[in-house]
Each structure stands twice: as structure tokens, then as C-alpha cells.
Amino acid sequence: MVCRSAPMGAILYMLQDHDDKPAHECGVFGIVATDADVARLTFFGLYALQHRGQESAGIAVANGRTIRSHKAMGLVSQVFNEENLRPLTGHLAIGHTRYSTTGSSRLENAQPFVVESVLGPLAVGHNGNLTNAATLRQELLTRGVGLTGSSDSEVITQMLAGGEGRTWEEKFKVFMVRAQGAYCLTVLTRDALFAVRDPLGLHPMCLGRLGERGWVVASESCALGTIGASFEREIEPGEILMITTEGPRTIAHMPAHKPAECLFEYIYFARPDSLLHGKALHAVRVAQGRELAREAPAEADVVIPVPDSATPAAIGYAQASGLPYSEGLIKNRYIGRTFIQPDDQLRQVGIALKFNALTDNLAGKRVVMIDDSIVRGNTSGPIVRLLREAGASEVHVRVSSPPIRHPCFLGVDMATYPELIAHRLTIPQICEHLGADSLAYLSLEGLINASRHGDDTFCRGCFTGKYPVDIELVNKEIFELR
Amino acid sequence: MVCRSAPMGAILYMLQDHDDKPAHECGVFGIVATDADVARLTFFGLYALQHRGQESAGIAVANGRTIRSHKAMGLVSQVFNEENLRPLTGHLAIGHTRYSTTGSSRLENAQPFVVESVLGPLAVGHNGNLTNAATLRQELLTRGVGLTGSSDSEVITQMLAGGEGRTWEEKFKVFMVRAQGAYCLTVLTRDALFAVRDPLGLHPMCLGRLGERGWVVASESCALGTIGASFEREIEPGEILMITTEGPRTIAHMPAHKPAECLFEYIYFARPDSLLHGKALHAVRVAQGRELAREAPAEADVVIPVPDSATPAAIGYAQASGLPYSEGLIKNRYIGRTFIQPDDQLRQVGIALKFNALTDNLAGKRVVMIDDSIVRGNTSGPIVRLLREAGASEVHVRVSSPPIRHPCFLGVDMATYPELIAHRLTIPQICEHLGADSLAYLSLEGLINASRHGDDTFCRGCFTGKYPVDIELVNKEIFELR
Amino acid sequence: MVCRSAPMGAILYMLQDHDDKPAHECGVFGIVATDADVARLTFFGLYALQHRGQESAGIAVANGRTIRSHKAMGLVSQVFNEENLRPLTGHLAIGHTRYSTTGSSRLENAQPFVVESVLGPLAVGHNGNLTNAATLRQELLTRGVGLTGSSDSEVITQMLAGGEGRTWEEKFKVFMVRAQGAYCLTVLTRDALFAVRDPLGLHPMCLGRLGERGWVVASESCALGTIGASFEREIEPGEILMITTEGPRTIAHMPAHKPAECLFEYIYFARPDSLLHGKALHAVRVAQGRELAREAPAEADVVIPVPDSATPAAIGYAQASGLPYSEGLIKNRYIGRTFIQPDDQLRQVGIALKFNALTDNLAGKRVVMIDDSIVRGNTSGPIVRLLREAGASEVHVRVSSPPIRHPCFLGVDMATYPELIAHRLTIPQICEHLGADSLAYLSLEGLINASRHGDDTFCRGCFTGKYPVDIELVNKEIFELR
Amino acid sequence: MVCRSAPMGAILYMLQDHDDKPAHECGVFGIVATDADVARLTFFGLYALQHRGQESAGIAVANGRTIRSHKAMGLVSQVFNEENLRPLTGHLAIGHTRYSTTGSSRLENAQPFVVESVLGPLAVGHNGNLTNAATLRQELLTRGVGLTGSSDSEVITQMLAGGEGRTWEEKFKVFMVRAQGAYCLTVLTRDALFAVRDPLGLHPMCLGRLGERGWVVASESCALGTIGASFEREIEPGEILMITTEGPRTIAHMPAHKPAECLFEYIYFARPDSLLHGKALHAVRVAQGRELAREAPAEADVVIPVPDSATPAAIGYAQASGLPYSEGLIKNRYIGRTFIQPDDQLRQVGIALKFNALTDNLAGKRVVMIDDSIVRGNTSGPIVRLLREAGASEVHVRVSSPPIRHPCFLGVDMATYPELIAHRLTIPQICEHLGADSLAYLSLEGLINASRHGDDTFCRGCFTGKYPVDIELVNKEIFELR
């Protein structure tokens, strides 16, 4: 089947902000170490987690008595300097990098949240999304707590600060009874670091060892290597791990009867050099590409990725198909946020600020273009057109994940129902929309097999609409309507 | 031969600032267009040339009567916003992105330089380095011109503003008689844009057409595509091209008897999607990798690049050698300038902020690691060690350019004699220094053949020490001493 | 009696930050108006209240449904621009300028505080100090509220957000039952503005009318004139005034059996053009100077003020004494915060950045130098010396308020016991310390008579140590110890 | 005669930017001192000269070999911090504070200008205005110098850098032969400080001694006192003073046959604590007020100044008239530049951000309002109205300088012919325009007598239209037309 070319009105202007990808939802980090500059180590840990959130960054440090913190809008490297790092002395620290959707992008939402509570000071960093946040929020208001922002993370912080329980251990257990949804927390008290992962284990968190000097927790293992820590194990779904200078101790273990890890950590989120269940995600994505080649072969001359995230899958596809791997698109390395908009003439000529095509590698060739996912479908069409203009005789789009037909209610900023192209259109319709010669997605089975063979502990919500938890109706309606 | 492992004192800490690469020396852009927002088009053109200089950016616009400009320190996207772009109205513009070595990194060196002259206003953007700058500078001082900065570009500006000649055409010709070395200029007068390339053609500059609306010149062709202009031709070595609303007109052509293009544009500088002599540099670099595979094969299991610049060469090496291509190193995409330094403990554990190794792709494998060039040799050793720690059983380093044994005196911030590892050590010594199992460089003949078959019009100064022009002794001594 | 000259170690370096004055404690403003740009009017109102606090400024606006706000560190004119003022649309607004002691000078303490509560959104601006803040704070923590900062104002905000009461009216009454000390509040809900003044009436707040369009409340009447509003009346001690688009309505009146206005508003705090009890403070201070002349005459040739605050008192002293008024000290109008410190040589020569003496007006003359208050006594000595160096034959210091022998626990940043010179030294000792020829203070009776004849409703705490409320022991101890 | 009230449309909105005063034209400072931190001393010297220019500030320091400098937009206290002051080491320094009219307010006009010349580095600070700048500028362009800005000061710098003469001494003499108009220069070479004052002595400059350690020059003597230097003497009109570590030496003396000091330094510009011809300007202004009382008495109850600049004259008027001195207007001390504009309603109610009236001191009284000068006449009317609204029964305006009927072409930003109210209207018409009950100006003879008895060496250009030098026609025409 040959799809027709993309409609002329297609928006060809692409900046990083408009990546057609689901969005990360924060990175967390925590450390307990004696004889070490814990704030500096946290800085470098956050540096390695920068891909999980670029809006704001913060570090809080405890010294046995008080908690001091610094946070601001911007990249980790912009937020911190020697001057503001210097006062952050102690032997326990947590750090946070935040991603945020437009609108709630304000300093008061930057994390960690630091509050004084009846048990002393408390600092909280959170990655995830509570599905019953509205209920919990209303409970806090009814209990007489004034809330300053609109984030789940403030709700969590006030629940811990004021929830039932005479000790932190009790408070964390009570919290886990009440909270539903996705949460990886690093929490600092005066003298302990708590790492908490939701019972479903939706997002990753792992434990590392800093030689004899201490212990580290992080959203991804890549942050361990960066500071010279060794990977110890993953924090278990439902685990409350408490780390003091005495070392780590599991104080509760409340897993769901079936975990439900987010498949998008395997497809796109986590850095390719991070490990999940003992395998580097680069290798997982190469395997996804291999599986895709088996499921959806193409008669073609060359395999190219949409850089950078689809590169491993394209390498896998090339290996399994026997087709040569090449680069067909060059990404502008210095692309950054700009508020300068192209004018109409620029839009018409179809400027491509983000990618340029490599004519020499494409001209006269039948091209397999590998992408890892398509969400709204608004950038793939222009890329297909770019390849054709560079002389590609055919463009076969292969996607190393299934069609995304449902939003995520568990902490990933995916899109709403009306925005999701695979919710609105059939695969042939999408192919036509993109102007591709053929289009195929990796099957859900293929994805799961490539990611972790035969495993049944993944959340498939965005592909199937069946979520591992009840979603509060209010949220769902909002997503359907807007 | 097996080299021993890298000395323990090796600097394992790597940030973008310390890339072991020669440094770019500015990007220039110019446009004449009616019925277009020339400042906005220049903005997007500079955006595409950002890789040639990240220190400062500037735009000057002429409207037939006056010249207005804005420039500041920072990336193009940081320097400009709608507010400061708005007053820049007219139908001619030039833009500049500047790279600078530390020390002269000050706003007064940002370009374009704008001065009032006896023939009216003048704005100058410059990429290159004059080899007789000291002499010309002294002449200006003697003539009674007070000079504010220390840059060649101010010398050029004052030479044009006050040099002999009743017309701009005459002034440009007089300038070309006097200036030696490398210079690509875009110069704006009230009502004309001049594009000037030195007789040797050391650095690239090309002409593009913006449909019926106007004409564009740029350091690299990638900037043409970005704004919807089509590639027309290269500015010839020694050419003075004048563009007005009437179109382009060559007003002089003063080439050297033999041009001497900078080979490093082919190896590393120019963006892979830019064209030189009709070929995309990506394809040129793939050919360099193929040639390297022929000259220096390796018994190995996998070929990996040092990302991102060596990726095309690695693809070529893999193709020619029949070895599988893979990724072995992941680059932190968000790495940026940070002033936070690692402490001693971090240095000892050998943190690698810039790259992480992919154990799954390396463990137990004999690895060919492709780099495009080695200047000081201070980052290759740590990378080799990183690969070994990830389990590589052998690491064979292959470099897609010859050993750099001499500094550049023609505008590239390469290094000084004592800094160049290939000036100090033999290839086996370098191999031992890197801790590699073998090391080979591409031959100069191989490089030239792959870049443009059999051509004899390249500058080979950094490889052979034979420069296409006389270098003022004073410069050379400085480079040898420091 | 002739005092000896000031000790050589006297600190002669004087910058605005080191003014030897008690510190202001914030300005509040509120407005309800239809058919008006309430945020803009609030901006100009705060502009007139800038003298009450220069650390941060903020505005919150309600439109019947939601509350939007903007606040930042800096002067009112630095915090606001057209861009951040534009979204603040509505018909009710409050504004705040904050003074703060070093240390707690952080954005999270900037006001208004805006929170979501069970009754909807709430914005609070506060001027004053609760004397039972520690108790109330502990109650909130026990009730399970996590507190982010250390300010009274957050305590007040959370008490209102979560305190007992089904309606705002009830909540305000409950608050007034529990709170002790000084508080002038402007509080915004979705559709009402509340102005609350503590039962003692320690700090001023007044009501103004904006023609037919609306109503205004402000710390001082000078803010009314600035925006074209007419003075209506003072908010009564213990009054809760609610203003909606229907107009103002007193919903409670809970005065103390005897009010206790802060005398320092009459001496120094309030702007001379503000009215208290119907009299402009300029006239009040002229009367204080007249009374001082009667109580403590001096044989002298000229009367000069320490500018600017003592100018009215000096005018009064001159009038009553028949001595000519003149200026003897010129204040640097452009003095601002600088972080550049003088070196030792500069300290030795006794630079006087803040004041220069006018030799022509002083040489050979017996000078009466009028100041309105002496707190620590560290700037009066250098001024006396400056006058002598300018040729004054005698310097007689007259102070238009009594000796300050006790700290303030009710919201004025005065000083601690050990810092107060009149707590440590007798008047003759102070005179010797200052190097003056004579020294006299206005008596407490004289001050009260001049301020409001025969009135008995002033707080005299800082002069007598007898406060109108119980001070929590913890505070008092802190002040005594530090 | 009783003038009618001001027209209702009068703009009552007054911000500092709209002061109806002539504008200052920069302050210069220079120092040569061994064993001292010359940059820090220059900082404090500029601090004392801040009233002469608030747009930008800069310091250049020489150490015998090179000159280093720092300058930026803003107040002295904003431009400098310990970090940027630290590298400015040496034993000679100059500093500059700049005032500028809107439009040319750009960093490239900030001073000192620092250039490399054939005789070595050169730094120039300038206060004044050349009357033949256009001619000199054209000569430089013709000589082949490209000029970056539009300021006189760049012209001066390039004239010194490239002008005739084998030595600096010769170059300065040649410069003085060519330059016409007003210029006080402080110029730094590698190892000498030059202080140059134009032959007419239009603006002040004086020499001070820093004990045994060195020498200081400054626009006003107030800067000497601030850093502990003693006043030595004024730099003579036409003098070129060279200061090295050997001390000061007059290398030329080229006075005009009759000097022509700017009378506005006596009326308004110089700080009241600065000395001119041995008298503090405060005393001079008191004498002007006394003279005004003799020339133009008024039947009234009270004398008030328009603060702050008219305070000394009001004190003098009160002394000579026997009327009581009081304050009637309070100036907002914190007024600063704001870009927030009042809306129409605010304009109509006549907000007065800058001044508030003191009703108690004015109600029912016949008021003499003293101002030191009226330029455009746009703020006096609103002030008169403010006084009337506060209850003044009569307002008699007295001005301690003559009517300004002509622009200044010698460096003072006064106004253009059409803007000057006294150029357009007669005194009775102005009185009516202001809505005053009577209006009188000090006579020119009275002004001169009070300023320096019987002296005939003043420039009277703005009062009489007779300038001490020829004004280039081009300037004059511009002023007349615009």
C-alpha cells in the first residue's frame, strides 16, 4: 500500500519543546555518607538525571539537626554554583530535577519541598502521580491545611508532615495505605533518608553503594556510575527503605499482588546506559528493534533512526534485517528553547530547525525510518517529507512500540484522548497522514518479549486502556473532554 | 603489540569544555532580501551555525540609510528575543556567532563590529585569523587609530573604515592586497552586502538563493536549508561578492595560485549535513572511515564511535570492515557548562560526567573505537579505560585523521606545540599512554583521497608543519614557547 | 558638663543599612473597586508605602472566582512591570511591602501568602508581630500542618485557612481570640477584602474612599492621597472590617480595654505627610521639637537636624528656642546598598559616605544637633565628630524621644538588650560616648503631650519595659541572651 | 496681580525622570597613590559624585604597564562588586559616572573609554560637550578612523590616541588647540594621570591631597572628603596637570582671556557640600535665597522649599525676610524609575507620586514656595495646585535663578527652545500658567552677586543667549527646530 503525501498545511517547524514524545516526570536522588560532600555528590547525581526533568532543580541537606536547601528554575548546572552549594553541609541529602507541563511552571512547585513538622524538619522529592490526589487534597483542606500550590508533591509532603503516626515509620506506612498511583519518593528527616516506591513499581528507583562511605538511591542507575557508586539492587515495589549512618534497613514491604512497571521507561524514558532488571536499556532497545524487524520487515536499502532516542532500535532493526544501518537525519546539537517564532514565509518553506536530511545517504534509496514512539503524530509527517525531499524513493516507517491509544493517568505527561493520533485514526489512516509508503508498529507482545522475556508485570495502560489502578473519574473526564 | 594501561594520574573528569577537539572559529551569515524579515531569517541562520561558536552572537541590519545592531554574550537563542529583534528592520543583514578562547571572552569582542566611516556606516563579521595581524595592527596605531580590543576583526574593521580607496570596492581590494591568512567576511554597508573569502579559501562560505526574494551567504550550507534557501554555489577563494537588491555581482577575484582549504572542516568542523564541493560531510566522513578500515584493519567483534562526531566514520569503518556497528558510549545530552568541580574523592573514582559505557554491548568483546581526531590526548585514555571497565577484552583505537603534530596559525584554536600529544610522543608511545591494545591513524593520503579524490588544494599545516602562507615569526615563537 | 571626645575606635563608616533607627515592619494595602485597574492602583499604593519595607513586594488580586498573585524580592518599582501586572485582573486586591531582618530574607517569606483553603482561596498580608507565635506555631504543627517558613505571617495564614469556623467571619473572630500582639491584616478571599487591626491598635491602618468607585485600606493615609482616594477614618483597634462591592461593613469590634498605639509611628516610622488621629505627623514632630526646646534648651548659635527624619523636630526646636534653623549635614541622595567595604586606610581617615558636614554653616558655631531617636548609639558619635571637624565649637545633642532602654516584642526590629546604648549606659555616659558637649532626651510625658495631648493610649514598652501584653518568656530570654 | 488657576489638563503625575531640572553631565575622578587600593578609593570617590550621572559607571586602573577597566550600566553601587574590583590593581586610576539623554543610553557610550594607541594604552573620562564636535568627528572619519558611537568622548579619545605629537604632553596641547567648548578630562596612560580643564573653565574640577600617599582630582570637592583627601586647589581653566608618582606638575596653562564658569553649578548641579572658590555651595545658595528675599519680597506666612534642591535658598529667603521656614512638601524618598504608568483615572485624580503636601503647615496660610530653577515649567504648576488643595490661601512662587530663555550648547542637557517656558511666555504668562498668586525670579545681577560678589567670569548663555564660544550652526539649528 502506498500512502499519499502529507497535507501541505503540515507544521514543519520543529523545536525541542515540540518533541512528539511522552514527557519525563522528574528524577529523584538521595544519599547518606560520612566523610563526603553530600551536596556535591547530589549535584553530580542530578546532572546524570537531567534528562528526567529540565524545569527546576533542588537539593536539601540534613546534618542531624536541621535541613537546609536550595532550589531554583533551570537546569542543574544553572541552578547551582559554588556559592549556593557551600552552605549545604551535612551527611544526608536529597536532590530533585523536575519536569513540568506549561502553566504550573513556577518556583513554588520546585522540589524538594521542605517543611517543619511536629516531628521536626522534612524534605520531600517526588517522581510520579497520585491517582487519588483530588480526594487526598480535599481531605487536607478539610483538616485545615492551607495549600499553596497545585502539585501532588505538596499533598504528599503535608500528608507526611501531618498524617497519623507517632514515628516516621508509622507515618510512611499510613501514607502508603492512603496513596494510590505512582510515587518514587526520597524523603529527608533530620537524621534519616527514606526511599519509598509505590506498590506497583511504576517508575524505577535503585540502591547503590558508595564504597565504605555510604549509600545512594536514584531514579536510574546511570546516576550511580556518575558518582562512583556501585549498583546494589532495585528498590522493590512497595518498599520503604530507611537509610541512616548505620546503613539501609527495609522498614516495610507492601507490594501489589502484581507489579506494573511503566513500559515507557523501557521504550524511551530511562537513559540507554541505565540498567533495569540487570539489563542496560540500550540492549533492550536493540532487542526491540530486532523484534520489530522480524514482525514488520521492509524491502529497502537502508535503515535510519530518528535521532537520538531511536538509534538503538534502528541498530537492532538493521542487524536483524541485514539491511545497512546509516544516518539520514542530523540533529542540531545546540538547539535550545527560543521564543523567536518563524514568520509565515518561513513556515511555508518548511524550515527544519531541528533536523536536516543527509541527501547523500538517502537519494534514490528505499528508506526504513525507525522511531521509538508516535504520540500526536505531528512531527513524523514533516520528517517523512524531509526524507523525500532529500531524494528517498520510498519511506517505510517502523515504530518500536505499539500505537498509543490512551492517555497516562499515572504520572506521564502523554497527551489527551483527542490529541493521540492512534486514538483518532487507524494505522492505514496514520500512514496516509504521515505520507509514508508503509507504516508498522511493534506488537505489545513483541515489545514485552524484547523488554523482559515473557514477563507479565508491566503497566500497559497507554496501549490497552486497562490501568493497574482505578483512576478517579474526575481525571478521566478531564482527559476525555479537553 | 599490547600497550599497557593508562597511567593512574589520567584526568578522568570530562566536561564539554574539555573536549579534546580543535575549536571552531566563528560562523558568518548575510542576507539581502526584499519583502522579508531579514533579522528573523538571520536569527534562524545563526541558529544553524551555532556549532561554529557559542560565546556570543550578533545581528546588524541595514535599511539603505543606517545600520542598527544587537549583540551579547551567549547562545543565539539566549541573545535574541522578540523585543530586541523588533527594531532591527531593513532589507540587508549580517549575523555572527563567535567562538573564543578564554581571556578575550568579552562583550567588546562580540561581532558584528559596527562603526561609522567616511563612506557611511559599516558592519563586519569575520571568521578566521590574519597571519600578519600584528603588523597591520601596528600600522593602524601609527596611523593614529586607537584600538579598543585585541581581535583581528577590529583590525579588519578599521582597515576597511579607513583604508585607501574612494569606494567600498576599492577599499575591499586594497584590504585583500594587505591581509594575509584566513578570513571569511560578511560586511554590511548602508545598501550592500559584501562577502569576501581569502585567496586560499581556508574556511568555507557559500551563496544561496531565497527564491525570488533574495540572496544569502553563510559559512555552511546547513544554514541555507534551515531558512528555505537553495544552495547556489561556493564563494570562490579570493572572491569579493557584492550583493544588493539588484542581486549578486563578483567585483573581484583574487585567488592564490593554489588554494588551501582547511582539512579540519572535512574531519570535524562543518556540520555533517553541510555540503562542501557538492558532497555532504557525513558522506565524506563515512568514506574516511571506510578508508581507515582499509588502511588499518583490526581483528575485533564490534565497531563503536566516540559520539557524536565520530559516528559517520565509525559507520564507514563498520561497512568496509564487515564488523557490526554498535554504540558503546552514551553521551549525556544535557551536559552543559558547570562551575561545580568534583572533589578529590570524585576524581579518584573516575567519574565520567560526559560518557557512560554500555556494558551489554562491550562485555567480553574486542572493540574498535573510532575517533575523528586526537589533539592533546587527555580524554581518549579515560575513554579506553571506561570501555575496559565495562568489560571490553581489547580496545583498538582508530583515528580518522593523521596525527596532529603542529599548531594552526590560521584561525583554528588547536593547541600549542607542548600540548600536542603527537608532537611529543611517537604513535606506540601514544598507544601506551592511552592504554589501548592498538592505535592507528588514517594516513594523510587516505584522508585526502576520501575527502576529495586526488585533490591537492588542502592546507596540511597541522599535519606537516608546512603552511600555505608565511607565519609571522612572533606568533610562531609564542606557540612554541608557551 | 563637657563630655570628652569620642573614642578613636568609633565606627565612622556609615551606610544606609547601618542606620541607627528601629526598623519598619511592613506596609499593607487593600482595595475593592469596580471599573478600575485594582492591581495598578495597588502598585501605586505600595509605592507610597515603600518606606515601611524594602525587601520584597507583592500583589494578589481576586476576581470573584480565583486569586492570582505576583511577588518577588526588591523594591516595588523593581518587582513589578507591565508584563507581570497584566494578568492580575479582578476587582479586589491586596498588596504588601516587607521589611526583614537579615537571615530570614528569602523569597518564601515574601507576602502576600496565597493558599487554597476549604473555603476557597485566601491571600494574606501582615504588618506586626504575634507575641504568642511560638505557641500558635506548635499548635499548628501538632494539628498536622507542615510549615515552610519561620514567619508569623505563615502562622496567621494557616490559622485562617484551617481554624475553626464555618464562615470567614467566624474564622476571623476565632483568630482574634487566639492571637496576641500586633497585627494589621489585609486578607483577600474570592469576593471580599478583610481589614483586621489588633485590639491594642499597635500599628496604624486606615480606610479611604475612592470616589464612587470603591474603597481602600492602607497602613498609612499617605497611600490614599497617592491614588486619589480620600481619607475616611482609621480602622479601629479590634475591628474586623469586611469590604465587598457592596461597601464596607464592620463585622466585629473587639478592642482591648485600653489601646496601646506604638509611639514610634509618631516619632519616626510613619511618613510625615501621613495623618494619625487627624494630625499630620510632620506637625506632630514639629511639636515634639518645640517641647524638646522647652524641656532642654541650649545656649547655641544654630539648630541643625540629622537629616532627613529629624528635620521636623529641628524646625520645631528652632521655632520654640528662637535659634536660627540651618542645615549642617548633607546626605548623599544616591546612597544605596553596596557590598564594597572600605579598607583599613579608609576607615582610619574616617570616611563619611552617608553625610558630609557644611563647614560654612558650622565653623565657630555652637550647634544644637537634633535627632529623633538613638538606638545603638553607633552613628551619633561619628556625626558629632564630623561636626567638630567642620569647626563646630560646641555640639549639643538633643533627641526628640526618650532613651530606649528595652527591646520591642511587638513587631519592631529595635535591638536586643545588650545592643541598646541606653540600657547599658547612663545619659552622662552616653554623652561622653558620643563626644557631645551636652545631651538631653525628650521626656516621656513631653513626647506624649506633643504627640496627642494628655492621651493615655500609647504603648511605652521600649521606654519603660512595661508592655501592654504578656510576652512569651521564650522570646524575652532570646532577646536578653543574644 | 493674581494669576488664574492652572488649567485642569495639567499633568500632575511626576516621577524623578521628569524633574524639571537641567541635567548633569557626568562626574570625573582620578587618583595616583602608592600603597593604596586605588580602585577602591575611586569607587568611593564616584559614590560621592553619583548625583552627576546615574546611567553608567566605570573605573580604569594603570599599573605602569597596562590598563585594565570595568564599566557597566547602572549606579556605582550596582556596577561594582568585590569580584570585578579585585583585578583592578595598580597605582593610578580614573573613574567616571555618566548621565545621558535617552537614546544614546548604551553600554558602548559608558566611560572610561580605553584604547590602545601608538604611545600605549589610554583611558579617558570626560565631562562636558565640545561645540565643534561635528567638525572634529568628520576630520577623524576623513583621517580613516571608524567611530563606534556618537559621543564627544569617543572623538576626544581618538583625537588623543591619533592626534599629532610625539609625546602625551604634545598631544594634549594639540588637542586643546583644536577642541572648543566644555571639557573636564581625566586621562590615564601607563604611568601618568592627566587632568585637563577647558580654557573657559565651564565645569569644575579640583585637586586634593591624600596625605603622603598621593593625589586626587575630582569634579567636585565632596569626593575628596569622602575618601579622606584634603582640598588643595581648583584645576585652573586651561590647565593641563600631569600627575605621576613624583607628584603633580602643570605642563601647560592655556586659559581663555576671560573664563566663563557655568552658573548652574552654583544654582543646582554641584552638591551643597562641595566648595567652589572656597565657599560651600550650600552657603552660596542660602545667599541666593537671601538676595531673592530682598529683590522679591512677599506678604506671606511661611516659606517652604521645593525639596530637596531648593532647601538652602528657602532657608536664606526665610532668614532675610523674617518669615518662618517650614516644610510644605514631602518627597517620597524611595521614588525610583518605574515603567508602570498611571491609567487615565489616576491621571484625572491627579496622583502625586513624588510629593505630598503637608496640610497642617499650609492650611489657611499664605505660602512662599521657593524653587531654584524652572526649565519647562511642567512640574511647578501641579505643585502649586497641590499646595492650594492642601489649603494654602495664597501661593507666591520665588525662583532663585533668572528665567532660562536659551538652551545650553556646552554640555548641559537643558531643553530646546520650544521646550523652555521662559522662551515662549512672559513672566506674567508663566505665573498664570502655574496658577500662582505671584511669581518672581532672581535677577542675573543678584544671582552673580550672591554667587561670587561682583565677579564677571560666568557663562550666562542660558539666561542671555550670549555664549562664551561660537556654537556650530548645525547644533543651534537642531535645537531651534526640534
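By written order: A, B, C and D. Residues from 1 in each chain.
Throughout what follows, a contact is a pair of C-beta atoms (placed from the backbone, for glycine too) under 8 Å apart; a residue touches a chain by one contact, two chains touch by 3 or more.
Chains and their UniProt names: A, B, C, D = Amidophosphoribosyltransferase.
Nothing here was measured: the structure is a model prediction, and the numbers come from that model.
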Looking at where subunit A touches subunit B, is over half of the residue numbers used by both copies, so same, or under half, so different?
-> same
Subunit B to subunit C: how many Å between their CA centres?
-> 61
Per the C-alpha means, the centres of subunit A and subunit B lie apart by a whole-Å value of 35
Per the centroid of Cα atoms for each chain, what is the distance between subunit A and subunit C, given in Å?
-> 50
Two or more other chains are touched by the subunit D residues none
In graph terms, nodes being chains and edges touches, is this line, ring, star, complete or other?
-> ring
So, with touch as defined above, which chain pairs make the list?
-> A-B, A-C, B-D, C-D
What part of subunit A is in contact with subunit C in the complex they form?
-> 107, 113-118, 122, 141-148, 150, 157-158, 160-163
What residues of subunit C sit close enough to touch subunit D in their complex?
-> 36-37, 40-41, 43-44, 47-48, 50-51, 54, 75-78, 80-82, 85, 211, 213, 222, 225-228, 271-273, 279-280, 282-283, 286, 308, 311-312, 315, 318-319, 324-327, 330, 332-343, 345-346, 348-353, 356-361
